[in-house]
Amino acid sequence: MNHVRSLMRPAGRRAAAVLLAAAALYAVPYSTLRLPGVFDGPLDSPGVLQLLAVCLLFAGLALSYDLLFGHTGIMSFGHGLFVTGGMYVTTILVNHAGYGLVPAALAGLGVGLAAALVLGSVALRVDGIGFAMVTLAFGQAVSLLVVSGSPALTGGEQGQTLNAGAVPAALSGVRNTANLYWLALGYLAVCAAVLWWLTTSVPGRVMRAVKENERRVEVLGLNPYLFKLLAFVVAGLLATGGGVVYLLLLGGATPVVAGSDFTLGLLVMVVLGGAGRRWGVVAGAVLYAYADQSLTRLSGSASVAALPGALRGPLQQPLFLLGVCFVAVVFFLPGGLATLPARLRASKTRVGHGVRTRNGRRAQRAGSRHSGLSADASATQPRSPIRRSAPQAGPNVLPGHNAASSTGAAEEGVTPHG
Amino acid sequence: MSTLILLTATGLGLAALYFLVASGLSLIFGLMDVLNFAHGAFVAVGGYAAWTVADHVAGTLGLALALPVAVAAGAALAALTELLIIRPLYARPLDQVLATVGLGLAIPALLQAVWGADPRTWTLPAWLAGTLDVLGARIPTVRFVLIAAALALLGALQLLLTRTRAGLIVRAGVENREMVAALGVDVHRAFTGVFALGGAAAGLAGLLDGLYQGSISPGDGTSLLIFAFVVVVLGRMGSLTGTAVAAAAVGLVQQFANYLSADLGDESVVILLAAVLLLRRRDLKGRPA
Amino acid sequence: MREVPAAEPILRVSDLTVTLGGSAILRGVTFDVAATGVTALLGRNGVGKTTTVKSVLGLHPAGGAIRFAGRDIKTLATHRIARLGIGYVPEDRAVFAALTVEENLRLAETARRPHRYDLVYELFPVLRERARQRAGTLSGGEQQMLALGRVLLGPSRLLLIDEPTKGLSPKYAGQVAAALKLVAREVPILLVEQNLAVVRRMARDAVVLDMGRVVHVGDARALLADPDLTNRLLGVSGPRTRDVNGSAR
Amino acid sequence: ASGSGNGSGGGTTAGAELKIGIITAKSGPYAPYGTEYLAGLNAGLAYVTHGTGAIAGHKIDLVVEDDADNPTTAVAEAKDLIGQGVTMIGGSVDSAIALQVAAVAAQNKVLFIAGPAATDKLDALNRYTFRSGRESYQDIATAGTFVGDLAGKRVVVLAQNSEFGTANAAGVKAVLGAKGASVSSVLVPPTATDFTPFTQQILAARPDLLFVAWAGTNATQLWTALDQQGVLSATHVVTGLANTATYPATGPAGSKIQFLAHYFTGAGGNNPVEAAMTASVQKAGGTVDLFTPDGFIAAQMFAHAVQTDPANVAKQIAALEGWSFQGVAGQYTVRAADHALLQPEFQATLSGSGTTWTAKLVKAVEPGAIAPPAPATPAWPTSGS
Amino acid sequence: MAPALAVEELTWRIGGRAIVDGVAFAAAPGELLAVIGPNGAGKTSLFNLISGLTRPDSGRILLGGRDVTRLAPHRRVRHGLGRTFQTSSVFPGLTVAENVQLAAQAAVSGPIGALAVWRRIGGPARDRAADALERTRLAHRARALAGALSHGEKRKLELAILLAAGPSVILLDEPMAGMAVEEVPDLSELIRQVHRDGATILMVEHHIEVVLGLAERIAVLHHGALLACDRPAAVVDDPAVREAYLGEPL
C-alpha cells in the first residue's frame, strides 16, 4: 500500500525527503546539540552516539523482520537466530580460527544464507502459528547451542569479546564511536534500500499478495512457497549482516541475541511502528531501542528515588516501565507510530468532520480482523486521501450514489461478519 | 526398574505442571484467539498470593487457605486484564498480543519490586515434604498432588466446555460477536468469564508450582510459559485433551532425555515440537479456505 | 399511499440517521413494520437496507428513534434488543463456522427450553444429516438454511431477515419462501430481498430505499405491478422477475 | 603520560571532582547482588575517605549506571562514561557484562575494577582490568581443602550445562584431579525443571564427594530432590554459600552440606576493616551480605589508585599491581602477573530451621592455599612494583 | 481434438460420504457448460478438485488432454486453468489495479519469472490489466482498496483478475449470487463476450435464467453424482431435474 500511495506523490519530493533524512542522520556526529532530558550529553558524545548507533542497528533489523511480518505476513519467532549466526560465526572465526574480520564476516553471511535456505525450506512447510512455533524451536535450539553447546567456543552465557587485534583501529575506542555510528547508519541504509527495491519489484508485490490471500496466489499460477522462501532468505541474510554490525558495536558476542525475547522485541518494534510501513517501523525500532536502553536511566534517576516507597519500587524496575509503555502505546496509538501523522491531521480537522477520526480507527480495527495475527498494512492506511470521484456516467456502477458509498464501501469487507 | 518408575512418575508430575499452566493458556487461546503472553505473570501472581497466605498461616491449614486465595487472585487479575486491556482491543488481535507482552513484562517486575528478586522459600507441611515408596522408587508426594490436580482440572474444564452453554457461547463469540449478541446473548460477560477461568487455572498452577519448586520467584511463570506454548501448539490449540496428551509427552520425553544425556535433554522438546509439526502438515488452525 | 393497519405497528423507525466511515449512509429513514405479515425493504445494491436492519439491532450507532412494541430500544445493547424478541438473519449468514450444525442451533435456543430443532430439521432435512458437521464446511446453501433455521428457534416477536434466498437453488428458494410465509402468520417479518418473485409472493407492504432515504412506502404487489415504479426505484423493467422454472425461454 | 590517553577531563587539578563510573545491576535478576555491591562500595568510600568523601583533595563522585543485566546497555553506558571523561570504572555482577566492559576499558585505556563477576577469564584479560572479588578457581580450591586425602576418590560435579557450570566442572577436574581424585560431572540443561533424573545419575556414579556448582534460581528444588532421593546421606556434599536470602533454599538439607564461602557476615573474624564495613552498612540501613566486600574492596583499590595519581592510568595500574592490603576478609594481594586478587575464603555450615538460618565459620582458608596458578610469563609487560 | 477439460470418474470422500461421486464429463474447447444442482450437491467441491485445492480419492482430471490430477494448484494454472470463488476471494489490502496487475504479471512473466527481483510491474502486464478493468467496467475504481468494494464490484473484480490472467479454461462459481437484479444482464453479457473470445467456461449458477441464456450444455449434479448432462431444453424438461433442483415454480 505504502509505495502505491507514495508513488502518487511527486517522486522528486519523496526522494528529497529521503535524502534530507539521510543527510541529517549522517551529520549527527558533527553536531554538538544538546537535548536535555533525551540524551545525557551532546549529540557527538560517545555515549549518545553509541546509543544512537544501537537504535539505527535495530531499525535495520526491524526492517528485515518487517519484510517477513509486515510484507509477507509470516510471523517468525526465530529471526534472532540469524543475528546470532552473524555474530557468533564471525567471532569464532576471528578468535579461534585466526580469520581477519572481513573474511570472517563474509563467511558469517555465507552461513546465514545457507541457514536461511535450509531452515526456510523446512519451516515454511507449515504455516501460521505452526511456522511461528517451528521457528521458535529452531531459535531455541540455536540459543541452547550458544549457551551450553560448546562454551569453549562460544563463551556460553557470558559470550566473548572479539579479539582486539582483529578490529580495525577506526572501529575501536570511544574516540571512534562516530565510525560505529556511521556503520550502523550504513546498515540501516542497506536494509531500507533492499526492502524498497524488493517490495516494489514483481516478487515483492506477490509477497504482499501472499500475505493477503495465499490461496488466491496459488490460483494465479504462482507458488506462494517460493515467494515466502525468498522473503525469508533475504530477511535472514539482512539479519545476519545485522549480527555482524551488532558484534562490532558491542565489541563482542552476547547470547542475548539468541533468546526468544530478542525476536519478540523485533516484533514489538514492528508493531509499535506499524507493520508494513517503512518509516513507521524505523521509528518504532528507534523508539523501542532507545526506551530499552534509557529506561534504566529513568528508573534510576534521582527524581524517581525521591518518590514515596510504594511508587518508587515499581518505577525503579525498567521492565515495569517498558511493559507499561507497551500497553500505553497500544491504547493510545493503535496502528502504530505510522498512523501518527494521519491522526494529527485528523485531529486538526476534527472540528469540521467529527467523524473522520473514528473512521480511521474503525478501519484499523476492521483491518486487523481480516488478517488474524498478522498485521495488516492496509488497515493502517488513512483512507481519506483515496477519496474517489467516480464518474456518474459509468453505466454499470450503481448510478446516483457513488459519493455516498465511496468511503462507505471501503468498510464493506470490514464489517465483523467479513 | 525403580529408576524407570521414578522417572515415569516424576515425568508425569512435570507433565501435570505443564498442563496446569498450558490449560489456561490453551483455553484462552483456543476459545478467544488471544495469545496471552501475560499468562506466566498470572501464574506468578497466583504463586505469590498463595505464598503470602502460607507464610502467615503455617502447615496444612495455610495450604488449604492458600488454594482459594491463589485461584481467586489469578481469576481476579485475569478478569481485570480482560476488562481493562483485552476488551477494548477485541478487534485488534495483534495489539492484544502486544498488550499482553507488556503485562507479561510489567507484572513480574512489579512482583520483584515488592518481594525482591530472591526466591522466597515455601515451607511445606511435613506430609507433603516427604516421599512415597512405590516399588522401591521414592516418589515425592508433591508429584501426586500435582497429577491429581491436573486430572481434576482437566475433568472440570472438559465438562464446562462441552456440556455447558457457556462454552458454546464463547466459541461462537470468537467468530462473530455481533451475531452472538443478535441471538440475545451477553457475549462480553462470557469472555470475561473465560479469561477469569484461564486466570483461575493459572492461579492454581502458581500455587502448585510453588509447592513443586519449594520456592517462588518473580520469573517463575514466565519461565514455564515457553513450555506451555509448546504444549499448547502440540496439543492442537485449544483442545484440552490434546493439551493434556501433549503435556504428558513433553514431560516424559524431557525427563527421560535428561536422564540419558544432558545434551539430549536440552534439545529434546525442541526436536519433538519440530518433528511433530513438520509431520503434521497442514496448519493447525487452518481449514481449507 | 396505503391505509394504516388497524393494529399498532410492532416497529417504528423514525428519522434514522447513520454515518459510517465518515459518510452518511442513512439520512432520515422513517417507516413502520406492521404487527402482522411481511414488510419488504427494497432497493438497489448499497442503498442502506442492511444498514437499516443492523441499526434496529443496535449494531450501528444511529440517530433518530427506534421503537419496538412501544418501547424505545435505540440505546439498548444488542443482546438486550435481541432478548426483547427480535430475531435476525444476516445477509452473509454468519453461521459459526467452527461449531457444528447442532451446536449452532443449540446456541440459538434460549436456555431452559425443550429442544425444538425438530422443527428446523423438518423444514430443512439436510441439516439433520449434517448435524455433526462443522458449519464452516457446509455448502453455501446449507449455511443459508442453518442461518434461517437458527432464527426460528428463538422466541421471536419480530424477524429481521436479510436476503434469505441468496445462493439457494430455485427449489430451496421456493421452499424457504413458503416456510417464511407460514412463519409470517405468527410473527411479523421485515424482509430484505432481491428476488422480486419472492417478494411478490410474500410481502404485503413494501418500503423502498434509495441513497439512504425512503423513497416509497406502499402496497408491495401494487408496487411490483407498476413497471414505471419498479424501473425507477429498483432498476428493473416491469415485472420481469426471476421465474424459476425456466418460463423465460 | 601516554597511558592516560583521553582522560584529560578526569579532574587533574586538586580539589576538583573526580568521577568514578559504576556499572552494575540495579534491576533485573541480579539486582540483589548489585545492591550488596553498592552498599559495600559506599561503605568502602566512607572508610577510605574517613567520611569526608574526598581522596587527596579530590571529591569522589560516584556515577552509578544500571546495566539491567543487559550487555548492550552496559557497553553503551561504559562508552558514555568514558566519553564524559571518566577514567575509572567499577562494577558488573554478571561475568558476561564484566567481560564486555573490560574490552571497552582496554580499548580506551581506562581502569576497570570488576565487581562480583566470578569468571576466571577476567584474569590476564588485559592490563586495564582488575577485580575486587574472588574467582571460580578460588571457590573450587577452597572445597578441595575440605577433604583429606583425595587419592582414588570419586568426585562428581553437579552443575548447570552452561559456561559457569562447565567452567566449574573443568576447574574441579583440574584442582581436585591434580590431587588424585577421579572427577566426573553431571550437567543439568538450563531448561530442566525437574532434577530427579540427575539424582539418579549421581547415585549411579557412587561418588565420595559431590561438588554442587549452582547458579540457578530453583535451588530449593535441587536440594529437595537431592535430599529426597537420598543423595545427601549417601555422600559428602560441598557447595558454595550464596547470599543470605538463599539460606532457606537449601532447607532441611542445609545441615547436611559443607559450604565453601567467599564471604558471609562475620567471616573476617571482625577485624577492624570488616567492623568498619558492617557499621557503615548498618548505619545506611542495609545488611552485610555475600558481595558487600566486593564493593568495599573496590573502594579501597580505587582510593589507592587515586592517591597514586588521579589522572594517570598507567601509574595507577603500576600502583595496584602487586599491592597487598588488609581488607574485609583478611589480607588481599593484587598479583602483578595476571591481576588475580589473592584472598582468603572460608568453610562454613548452616544451622537453623524454617526460614531462619545462620552461617557458622568452620575454618578460614589462607589465600596462598587457593591461589590460582600464575601464568608462566606475565600476560603483558608489568609496570613493575 | 482433445477436450479442453475432462474429468474421469472423479470421486472425493470425506468422513465416509462421497461428496463428489464418480463424476465424468468433458467440455469441448470453447464450450460453455453450466453446472447446476441443489445446494450441497457438490458443485463447489467439484471446482475445488478441478482447480487442485483438494485432492480426489480417485479419478482423473485432464486439461487439454494432459493429466493434471496430481499437480499443485499453481501448476494447473500454467496449463491454462482459472477460476473465481463463490464468496469473493480477492486481495483486500491491495488496490483494484494492483489485484489485476498481479494476475497479469503472473501470466506475462510466468511462474519463475515472477521471482525476478529486478523486475518491476509494468509494460505488457499493465496494459493487460487496464484492458481487463476496462472490460469489467471497473477502471474508475482502479485505485480503491479491493477490500472496500461493494459486493457486486468484488464479483466483477474476480472476473477482471481472471481476464487479466487470460486462462483458456475458466471455472465460475455463482457469478450472479447477491447481485442486484439490474446488474445481472451486464454481467451475463460480459461472460458471453469472454466465451465468444474462445474460452472454455464451466459455470455454477443458481440463476436459472442466466444459465438458460448462456449455457450450451447443462450438467446436473445431485448428491455428488452427475444426474444429467445435456442441452438446456432437455435438462429443464427432465422430470428428475425438476424434482431435485427446480421444484415448483414460485
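We call the chains A, B, C, D and E, going by the order they appear; numbering starts again at 1 in every chain.
Quick note on the criterion: a residue touches a chain if its C-beta (ideal position, glycine included) is under 8 Å from a C-beta of that chain, and two chains touch if they have at least 3 such contacts.
These figures come from a predicted structure and were not determined experimentally.
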Once the contact rule is applied, which chains count as partners of both chain A and chain D? B
Which chain has its C-alpha centroid at the greatest distance from the C-alpha centroid of chain D? C
Most centrally placed chain - per-chain CA mean versus overall CA mean: A
Chain A to chain C: how many Å between their CA centres? 47
Taking each chain's centre as the mean of its CA atoms, how far is chain C from chain D in angstrom? 78
Distance from chain C to chain B - Cα centre to Cα centre, in angstrom: 45
The positions of chain D in contact with two or more other chains are 27-28, 161, 187, 189-191
Can you list every residue of chain C that touches 2 or more other chains, as numbers and ranges? 44-46, 90, 94
Could you list the positions in chain B whose residues touch two or more of the other chains? 109, 112, 176, 178-179, 263, 266, 289
Residue numbers on chain C that touch chain B, as the complex places them: 57, 59, 77-79, 82-83, 88, 90, 94, 96-99, 103-104, 106-108, 110-111, 134, 136-137, 150, 154
Mind pulling up the chain D residues that touch chain B in the complex? 27-32, 161, 186-194, 196-198, 200-201, 217-221, 224-225, 228-230, 243, 245-246, 248-249, 251-252, 354-355
Any idea which chain B residues touch chain C in the complex? 165, 168-169, 171-172, 174-176, 178-187, 287
Any idea which chain E residues touch chain C in the complex? 15, 36-41, 43-44, 86-87, 150-152, 174, 177-183, 206-209, 212, 233, 236, 242, 244-250
Chain C to chain E touching residues, read off their complex: 44-46, 91, 126, 133, 138-142, 144-145, 163, 166-175, 177, 194, 196-198, 201, 234-236, 241-249
